[in-house]
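Below: a set of structures, written as structure tokens.
Next come two complexes built around chain A: one with chain B, the other with chain C.
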Partner chain A sequence: MFITDIRKEFYDVVVNQRVALLVSSDIDALCACKILQALFHCDQVQYTLVPVTGWQDLGTAFLEHKEQFRCFVLINCGANVDLLETLQPEEDSIFFICDTHRPVDVVNVYNDTQVKLMIKQDDDLGVPSYDDIFRDEEEEGGDDSGNESDGGSEPSGKRRRYDEGEVERRIERQRAMREWEARSDPKLLNMCVYMYVCVQAAMVIFELAWVLTKDTKDMLWWAIIGLTDQWVHDKITHMKYVTDIATLQRHVSRHNHRNEDEDNSLSIDCMRISFEYDLRLALYQHWSLFESICNSSYTSCNFKLWSMHGQKKLQEFLADMGLPLKQVKQKFNSMDMSVKENLREVIEESSNKYGMKDIRIQTFGVHFGFKNHFLASDVVHATAALLESTEKDDSPGDNFIKALDCLSRSNLERLHGGIDLAKKKLMAIQQTVASCICTNLILSQGPFLYCYLLEGTPDVKLFSKPMALTLLCQYLLKMFVYGILRCSCLSLLPLIIAAPMDVEKRTVIVLGIPPESETSDKKNFFGRAFEKAAEGTSSRTLHDHFDTSIIELKMEDRTKFLDALITLLS
Partner chain B sequence: MFCEKAIEIIRELHRMGDGQLPAFNEDGIRQVLEEMKALYEQNQSDVNEAKSEGKSELIPTIKFRHCCLLRNQRCIAAYLYDRLLRIRTLRWEYGSVLPTNIRFHMCAEELEWFNQYKKSLATFMRSLGGEEGLDITQDMKPPKSLYIEVRCLKDHGEFEIDDGTIILLKKNSQHFLPRWKCEQLIRQGVLEHIMS
Partner chain C sequence: MDPSEVEFLAEKEVVKIIPNFSLDKIYLIGGDLGPFNPGLPVDVPVWLALNLKQRQKCRIVPPEWMDVEKLEEIRELERKEDTFTPVPSPYYMELTKLLLNHASDNIPKADEIRTLVKDIWDTRIAKLRLSADSFISQQEAHAKLDNLTLMEINTTRSFLLDTLNCMYKLRSNLQPGSSGGKAQDHQ
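And now, the complex of A and B:
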């Protein structure tokens, strides 16, 4: 059931109990988890935090902890599948789910006692009403028996009339039943086909903190990172991003209100969040400007940097702005002040000439101390790189802990380490995209585009992780659509990418993203498509990820799976 | 040479640095005390002689022996006092029951002193903090909060806390637990205290 008053129905319930927090491995969940942990520290709520990477992990964690805990809080997992069916909990276990994945499973919505969803109900969820799905069987039986007993006490003439009446009623009921069945199935089907994400978990928990008036700047910063994560990984539309930024901007101004006074200004070491209309270049303040332009998807797509022509255009662009090459290739912090002064406006002007209208984007930045200035997207990239680091001896649990640590302000070395890893990741993505396009690895299979990364590709280990692979997939599609295609018929196709996941077990990770367009609503139908294709060909697949459009597949079954998909989607 | 034995026992104590308690050197102390007795008797007879017969040339010898006596006294006092300080820190480290091997190293009087010290400390702790008293040997620094956040570094299995609830300590899980229950596990290296 949906929770209407998050304070009374969620927080007041858990504050007196011990809670198990099951947190999914993505950045939005990490941020929500940090905010919730801070709230629990304030109120001394004992909790246990367990990271989970997929449905199997969730099941194991639940089994291990179900003896000790009654209250489970699930962050970014559990809403889109019938939870009680999957986990089989005891009668008195309560689940509080804060999940961005939509659509929400109907059984979760209509369960009144055990499953509580921390989701606002007016989010156009399209949940069918109760009567449409669950028919109350008892009513008809009652009607029948009542009428029969009435019919029995009457004389025979009337009885016949009642009998006829009863037969009519039965026929009417059967017709209604058939109609209802015809109605309910497609509705259910429609609800499950498109998967998308909605309000980020971090925002929901931040609003809880705000309602309790326990929100701090740290919590606000984490909420901002949660939103930026959804934007960086292209999960939400631009409209939604701008709307959410406006909401957060109100909170930021509220927190910054104290700094207005000239006499009592806060020390430079205090944390300050500011609204910035900054460049869309990834990590540019921690890198050199040139590298950043080469490795950000927006700029490299527009310049077509994999070709010589593109490189020349970039040099022209830099010359047009009057930025000396030596300056631009230096670390950003070491650039001359005269160059840095109006950098954003200068770049915006020039990029308008080269067709990049949206080089600047609304975002937030944080300052603390003299040295430390980070944009939200920097932190997102760093955390994502840490969360999916493929260094040796790094189990998923270790990565989760490192990523969680880097979100605290006291662990700056961790954050800087993350930024370095993120730079390597972005460069690897750029090179892979360039090589894919140059060697024509993207093939059109009819209803979709398909790309397979061979085992020998450099840095292919990085792409065995879902978030890195998603980024690669999105860059690839953008490059392909904006860079190569002349005819528009191919440009509205979705892209499916497969990469080797585990060499010993011989599995590949397959994911699909919706077509790239300005007006796309980012709804992904590959979840159902993959399930159906797997069933149809009895391929050995593992639908373990919370995001249903990402699956693991055995290498040998790849071709038949693909063929099944082609037939399914055409 | 005089006073050499005294220096030797001090050097022996100094060699066992860092709070460890070597065995009580009964022999050494006895030798020093005998030396002191011999010196004192010699001095006595010389003083009598000097007084009765007026031999002033004995006075430097008397002075010298007196200095040796004082030096021996200072050395023994330092030795005994240093041992007492070490025994005092043992109470804070090990608690009120000392391991038997340490107890063997202490002489009877030192054991007596230790018991008295224990009693004084206990009376003091009982007098703090209202009725129950406060165990100040628990935390090295005054604690800031009742509960601390800990991270599990290795699989430890189930762990029971005061109100009977059981927690499963699995690698990489984080918990928010009462401070006093975690101290032991933190010392063992199973849990790690996280300061955010």
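And now, the complex of A and C:
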């Protein structure tokens, strides 16, 4: 059931109990976890923090802790699957779920006692009413095909499995880019085909802190990082990002207004968050401007930096702005003040000439102490690099703790370490993308584009992790669409990428992203498609990840899985 | 003594806070505290004030001496006089550090206060060094210093005592062939 009053129904309940916090491994979840931990410290609530990377992990963690805990808080996991069936808990266990993944499983919505969802009900969830779903449980089969207008009245019952023809037709429509919203009753059917994300978990927990009037600037900063993570990894639309930025901007002004006074100015060590309309160049203040331009997806796609022509264009661009090459290749902090002064405006003006209209993006930055200035996206890249670091002796639990640490202000060395790792990751992504395009590794398979990273590719270990692979996939698709094809119909295809995951076990990680377009609503249908294809060919797959569009597959089954997918989607 | 022990003792000092919760009087071994009512100032020891501040349950009111003008006066006075002037609080250094680390958003002009307190500390330590130096060079038998705080004493204690012990050893070995020449162990 949905929680309406988060303070009374969630916080007051857990504050007197021992809580198990099961947190998924993504940055939004990390931020939400940090805020919740800070709240728990204020009220001295005993909790156990367990990082989980997938459904199996969740199951094991639950089994280990179910004896000792009654209250479980799940962050960014658990909403889109029937939780009670998967975990089989005792009668008195309560689950509080704060999850960005949609659609929410209907059983989770309509369970009144054990599952509580910390989601605002007025989010456009499209949850059908109770009667619509739980009416005829014995009803099997039942053709719910293409009858859009009756979609709501004659539902498919509680089952979420559809016959092949239904799924194929739906996915075909998506492929032609018809908007699902045009349908009158998309509700239940739409719900189960598409995966998307909604309000970030960090924002929900921050609002809880705000209601308790315990919100601090640190918590606000973490909420900002949660939102920026969703934007950096391209999980939300631009509209949603801008709306959420506006909400956060209100909180930022509230905090700034409260503390700043002419006479009693704050100590320089206090944290100051400021709204910035800053450049969309990754990590540019911790790197040289030149490197940052070469390794950010937006600029390198627009300049087509994998080609000689693109490199020349970049030189022209720099010359046009009047920035000497020597300055631009230096570390940003050591650039001349005269060059740095109007840098943003100068770059914006020049980039307009080169067709990059959105080089600046609204974001937030933080200052504390004299030396430390970070943008939200810097922290997101650093934390993501730490979370998925592929160094020799790092276990996922260790990485989780390191990434969690780097979010606090007192661990600046870790943050800087993260920034260095992030630089390496971005450079690796850039080189891989360049080589993929140059060697034509992206093949059109009909209904989608496909790319397979061979085992010998440099830095392929980095891409065995979901977030890094997602970034690579998005850069690749953007590069491909903007760089090679301007107006052909191929540019509206989604992209599936596969990379070796574990060499001993001979598995590959496969993920798919929706087509790249300005009006894309970022809804991803590959979850169902993968499931169907795997079933159809009895390939050995592991649908372990919370994001259903990412799966693990045995190397040998790759070809038949792909063939099944092609048939399914065409 | 360890500086952290001195800080521990400093935490017993009393400071005013404004809580945002309510609680009846609490009876502790060291004394009674409270009652706490939201918005009404109450005196508590520094250790409790810091704990409540970190749990966002109160606002700390800076002590009266922690003010830019007062500290500037004290600093000027300290620089003029040769002897030690009275200090604003017997634990001024520790309190400044604790309060400015944890509650700098409640203290106006925190950076200037930090600089001023450091200046006062530096001046006093310089005087202490001078005085110890003259004590040793003039081979005085006893000296009296007023208005020293525990932290300052603690800073020089081990060094000064070790030095005096060494000097005693050296002096007593100067007597040729004396039976008292055996140096005593000093800890």
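Observations on the structure shown:
Keep in mind that, in the parts below, the second predicted complex is superposed on the first by the 511 of 570 C-alpha atoms of A that agree within 3 Å, B and C clash if a C-alpha of one lies under 4 Å from a C-alpha of the other, contacts with A are read in each partner's own complex, and residues count from 1 in each chain.
Rule of thumb we're sticking to: contacts are C-beta pairs under 8 Å (C-beta built on N, C-alpha and C of every residue); 3 or more make two chains touch, one makes a residue touch a chain.
Given the structure is predicted, the values throughout are model-derived calculations rather than measurements.
In the superposed model, A:Thr237 lies in contact with neither chain B nor chain C. Within the superposed three-chain model, A:Ser410 lies in touch with chain B and out of touch with chain C [touch as defined at top].
When the shared chain is aligned, chain B comes close enough to touch A:Asp398, but chain C does not.
In the overlay built on the shared chain, the residue A:Arg18 is in contact with chain B alone; chain C does not reach it.
In the superposition on chain A, A:Glu67 contacts chain B only, with no contact to chain C.
When the two complexes are overlaid on their common chain A, residue A:Pro51 makes contact with chain B while staying clear of chain C.
Looking at the superposition, the partner that touches the larger set of chain A residues, chain B or chain C, turns out to be B. Within the superposed three-chain model, A:Cys42 lies in touch with chain C and out of touch with chain B [touch as defined at top]. In the superposed model, A:Gln311 makes contact with neither chain B nor chain C. In the superposition on the C-alpha atoms of chain A, the part of chain A touched by chain B in one complex and by chain C in the other spans residues 41, 44. Chain C contributes residues 54-57, 100, 104-105, 107-111 to its touches with chain A in the complex. Taken together, the chain A residues at the contact with chain B in this complex read 18, 37-38, 40-41, 44-51, 64-65, 67-68, 395, 397-398, 400-401, 408, 410.
Across the complex, chain A is touched by residues 145-147, 149, 151, 165-168, 170-178, 195-196 of chain B. On the chain A side of its complex with chain C, the touching residues are 41-44, 214, 216, 259, 263-270.
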